[in-house]
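Presented below are the structures under discussion, each in the form of structure tokens.
Shared between the two complexes below is chain A, which has chain B as its partner in the first and chain C in the second.
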Partner chain A sequence: MDFLIFKAPMLMVQASLDGILLGILFALIAYGMALQWGVMNIINIAQGDLVILGGYIAYTMYLAGIHPAWGVIVSPIIMYFVGWALYKLVINKVVDRDLFISILATFGIAIVFQQLMNFIFGADVVVAQSEYGTTMLFENSVTLPNSKIFSAFISILYAIALVVYMKKSRLGRAIRATAQNARAAKILGVDTEKVYAATFGINAALCGIAGALISITLTLHPYVGLPYTVRSFMIVIVAGLGNLPAVAISGMGLGLFEEFADYILGTEFRIGAVFMLLVFILVYRRFKLSKKREYLK
Partner chain B sequence: MTAIKQKDLILYSGLIILGLAAPYLFSAFKVQLTYLCVLIILAMTWNLQGGEMGYNSFGNILFYGLGMYLTASVQVGMFFPLAEWTESGGEKTFVHTTAQYFQGIGVGLLVAAIVPTIVAGAIGYAILGLRGHYFAICTLGLGIAAGEIAGGIEIIGAGQGFTTPPFPAEIVDPEARGQFFYFLSFLVLVLAFVFVKYIYGSRFRLILNAIRDNEDKAEAMGIQTMKYKIVGWMCSAFFCGLAGGIMGGLIGYIDSTDVAFDGREMGVFMVLMAILGGKGTLWGPVIGATLFHFFKEGLWTFILGWQYVALGVLIVVIVVYFPEGLMGWLREKYPERFGEVIDEKDRKAQVEIK
Partner chain C sequence: MNKLVKLFTIFISAITLTLASISSSFAKVEGEYIVLGSAISLTGKYSSNGVHTQNGYNMAVDRINKMGGVKVGGKSYKFEIIYYDDESNPKRAAQLAERLIKQDGVHYMLGPYSSGLTKAIAPVTEKYKIPMVEANGASRSLFTKGYKYLFAVLSPANQYLEVAIDLAVEKNGGKPVKIAQAFEQDAFSQDVRLGILDAAKRTGSKIIIDDKLPKELNDMAATLAKVKAVKPDVLVVSGHTKGALTAIRQISEMKVDVPMLAMTHCDAAKLSKQHGKKSEYALCASQWHKNLSYKDKFFGSGKKYDKDFKKEFGYAPPYQSAESSAALLVFKDAFERANSFDRDKVRDALKTTEMQTFYGNIKFGPGGQNVAKPMILFQVRCKGDVCENKVVAPTKWASDKFYHPIPKWSERS
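Then we have the complex of A and B:
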């Protein structure tokens, strides 16, 4: 093993910390994915593009002279309505249909979003400066941007708030009831149409928060949405629907994987590695499940 | 019965004559016509496993891009060192003679057809075990991963792209290049059509349909579904590879994510065209691809810059409001034409139930 990362233990600490902090952010996006998947049974390919749009909202605030960290409050509010409008326009027509229809329809939405963002915000890679400085650890050999710590902290805060909201509030209970059995919920007086719209809105709001955090920790570009979709999809299939601790852990696992792949394979293969991991996870899952099949091998 | 056959004969010979005459009739649109042929091939073979088998793949672009890179690499690698070619300006130092060019592209296309087929067979067992949306997402991931990885490999040009050998300069006729690629793609199109038509009349298609309608039941009836699924995918891969090889030569420049593994354009187009025309019909993808191509070429220039927005909206509209496609719509409207007999009594009974 002739890799730099295995020779320098400090690099390993660096990669691990980066990975975990990044993974918490991924987990937040994945939680939104799990929410809509579980409640509405759709897979949203435009998830990543909602994230990037949320990021651009924070970036616009930064350009206007407001500190981009306020984006974590403004962005979800705007994104909630974007999600709600998206639901009313398109998603409500694909909810009860074949999953492939929802995949293709949201793929179309993703293309529209990418192109519109390209028009409005330009095709440059941008980043909003938070000017939070960096924390030095282990005698200055590990550098940790404070913005990353901030983003992990905010992600956890919002995740906890969401869990409490889902447990305690009336709408949260309605959402959970609809997820369990939409028909029964309807009979018992839950307005499922409203619940779906709210769920998609909440998902978009979560994307907005994640996007605002990404705008200060990583970079934004109109066409980088799809990797976020794939990451969240991956986390959800590993963790299962509606299992928040598992989502958090597999999110961190994915973050770790990415940081190490970055060092070992090189940055140019980072996105490729993410997509290959997706393929491997699906294939692994397929062989694991096929062992349970007992007829005609 | 013979009357129908005669009608078919007139139709097919008419189409072939039209196809052969097209580059002379519409001499200015040869490149567009070649594109059209390639699009029809892609839509038709996507339909084979997307429409007939029910395995909606976003990943056929993998075979298309693989075919493209393989044709170009073989064409160069047969005569010159590949690594020096792909370094900047290689195509200026090394020049293919006419014979070398055609030999190269011939062998290249052969490799481009065979290797993706083998790849499809090799990964088929693992990938085709996935069902429904897992398969769709997995193939989407495969296509994008292939693009990202190809963008990092030095010998095939990495991120800066790969210039395919230019058409030999010794052939002075300016029409020759366009005609060569058009007839090449037309030949493959005819081959693909004959092949798909043959499948439509065979037991193989019924098996694929059985897999689409209910895979578990098909398996319970004693069909070795996995075997047929893999063969179905390999058929698609074969023609996708060929189509990719031709496109590589036509475009003259291969970029990893924008030309070869272009999931954002070609990868979606082939799905969209098949759905637009009607999944699971012989003529649906052909009509869908033709319509789509006319729409695209006609509209693209008017809405420059907005074409992707239009594309996205088009996808949403087609998928949400028109999922049965043109052929499905026609079938609903004129069922007699499709050889379906309607039992009036049964229909009345059903109307009453509703």
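Then we have the complex of A and C:
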């Protein structure tokens, strides 16, 4: 336990800003997961690995001499097709089965992706340089990397675009209809197969954007996907499916929680604390549900 | 159709049987070949360093074989290595060690990559009394278990950054310093930490931040914000390549000013290449550097090794390759002095090893660690956009002056 953070107000500001900026990025990944969970009832364990693959796409561009920030446009396009292909190859066979099968299937996909990325890009840890510099506040006592601000900004931009798209476009409406009742949507002429493929593609595209942002803000290597899966899973179960503002708020909350856990409990418990919170929330939810059931009886 | 399947099954089993009989007919010495075995990480998270290790082994095997091989009992023998991929997995590595020893009949082993995997294999080689020369397991706990058949050509992990603390104290006019440190929670980094604790005690220095980093680490902003707040004299970070890259990225982004920054795994992380000028002035612990003036008759000098390695594999050798090559020189020397293939005689010969290789002097202490070679520190220095690692300590090998303190970020272009 370390309470240095409470003695220095600047540390508090630093931690809060770091947490919120990071949380917005997590929320973007979580939104993809919520979308595809809500529509297809699939918990995608490979979510984090899709993120990392998106990051490697941006990194490859960086190696080729293109600024990695362009990854936020290129990476989702490529990842959309990766997601689409993944749906056609594997996910469509498990989409109507029970949750356990889909978890197993996506777990398998996660392993295959990790090994493939290791094979193609090597096991080295890599970073892409954005050279965006730093914003300094309060006479240099609080520093915000511009790359983090950039990534939060892009995340918000894409999230808004997606919300509008879901509301206004034909496909968006079809996706929402399928999420509400797949059978009814089918009867009314929605090609649910197509909707599923598109949803999985959109989810992968969101992961691609997040990955590209991570390549310039944090580090990449083939085996670092799982923490992102866990984080987005957590954000989604806190926020519920299909509730974007809640996803955003719970994402930022998680970012803050992580940052403060880091300061107070120590860095070694940063991810441990996330897992603990996850267990706590699951137990709490169950508790609440059982109460509700009693009430219904 | 059924017949076809049957025929196919018979065919496959025949092949399997033949293969099995071939592999079991391997023995410690096969005709003119001395067969060594090694489980090595060719896939999984250690695969890049695993390949560096394998390249180092292969380079030395080729060189020794080309230059007359190993002379035992008046006859000349050649080295040959059986490799298996341990998938960076300790359990798999231990299984493969058993397989090498029991099925393939290997009597002499070369180490895998990383302390963790060496720790998994050492009990197996010890059980079967198989001498193992390893080049990539530096964890101190390997040398305190009383292993009799384990020999390491590298300096143990606790020595990695001790020198850095001494250097910091020296620069502080002999007065104790304030240390901030962040170490990953794995065998190797925690050993490095123990070394720092020893050095701090010895010099009376105070540790004001002592953070442990998780395995999935990719963000250490909190640690660095604390560093900014408490202003230590030296910041020490060890968390493999991930730690080194994350630290430099965030130190430069958060404009953390510390007079001295000491790390491990800078060359494995290709720090100066990936981060360029941002990594300037970082001080890095290394087992080896090509500019050191050690010599031997197989590889000549470090510079020559560097050149030959580049020619063969197309990249500059990291120290993981150099130390792996040295392991074979040690084996050759031991076989010739033992003048026998008896395992215990070879082991005794290994124990009394005292030699110089291009990689450094080698002499084994009671626990099997190399006690004859000091760790070196290099500092990343840049000219324009090209950054290089310059040896700055210990003074005997230093090619450049240690730059201290690190200029503030506001003064750096």
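The rule is simple: the second predicted complex is superposed on the first by the 291 of 297 C-alpha atoms of A that agree within 3 Å, B and C clash if a C-alpha of one lies under 4 Å from a C-alpha of the other, contacts with A are read in each partner's own complex, and residues count from 1 in each chain.
Convention: a residue touches a chain if its C-beta (ideal position, glycine included) is under 8 Å from a C-beta of that chain, and two chains touch if they have at least 3 such contacts.
What you see is a predicted model; the values in this text were computed from it and never measured.
J.: Would you check which partner chain A:Ile77 touches, where first means chain B only, second means chain C only, and both and neither mean what they say?
T.: In the superposed model, A:Ile77 contacts neither chain B nor chain C.
J.: Tell me which partner A:Val164 touches in the superposition: chain B (first), chain C (second), both or neither.
T.: neither
J.: Who does A:Leu63 touch here: chain B (first), chain C (second), both, or neither?
T.: A:Leu63: touches no partner chain.
J.: Applying the document's definition of touch, where does A:Ser147 land relative to chain B and chain C: first, second, both, or neither?
T.: The answer is second: A:Ser147 touches chain C but not chain B.
J.: For A:Gly272, using the defined touch cut-off, is the partner it touches chain B, chain C, both, or neither? Pick first, second, both or neither.
T.: In the superposition, A:Gly272 touches chain B and chain C alike.
J.: Between chain B (first) and chain C (second), which does A:Leu188 come into contact with in this model arrangement: first, second, both, or neither?
T.: After superposing on A, A:Leu188 lies clear of both chain B and chain C.
J.: Based on the superposed arrangement, let me know which partner A:Leu226 touches: chain B (first), chain C (second), both, or neither?
T.: Both partners, chain B and chain C.
J.: Which partner does A:Gln115 contact after superposing on A: first (chain B), second (chain C), both, neither?
T.: In the superposition, A:Gln115 contacts both chain B and chain C.
J.: For chain A, which residues lie in the overlap of the chain B contacts and the chain C contacts?
T.: 115, 119, 226, 266, 268-269, 271-272.
J.: With touch defined as at the start, can you tell me which chain B residues reach chain A in the complex?
T.: Touch list, chain B to chain A: 56, 126-127, 129-130, 132-134, 136-138, 140-142, 144-145, 148-149, 151-152, 158-159, 219-220, 224, 264, 268, 271, 275, 305-306, 308-309, 311-316, 319-321, 323.
J.: Touching residues of chain A toward chain C in the complex: what are they?
T.: So the residues of chain A in touch with chain C come to 4, 8, 10-11, 14-15, 18, 22, 115, 118-119, 122-127, 129, 134, 136, 140-141, 143, 145, 147, 218-219, 221-224, 226-227, 259, 262-263, 266-272.
J.: Help me check something: in the complex, which residues belonging to chain A touch chain B?
T.: For chain A paired with chain B, touching residues are 43, 90, 93-94, 97, 99-101, 103-105, 107-116, 119, 226, 230, 233, 237, 266, 268-269, 271-272, 275-276, 278-279, 282-283, 285-287, 290, 295-296.
J.: Given the complex with chain A, which residues does chain C contribute to the contact?
T.: Those residues of chain C that touch chain A are 43-49, 88, 182, 185, 211-214, 216-223, 225-226, 228-230, 240-242, 245-246, 249-250, 253-255, 269-270, 274-276, 410.
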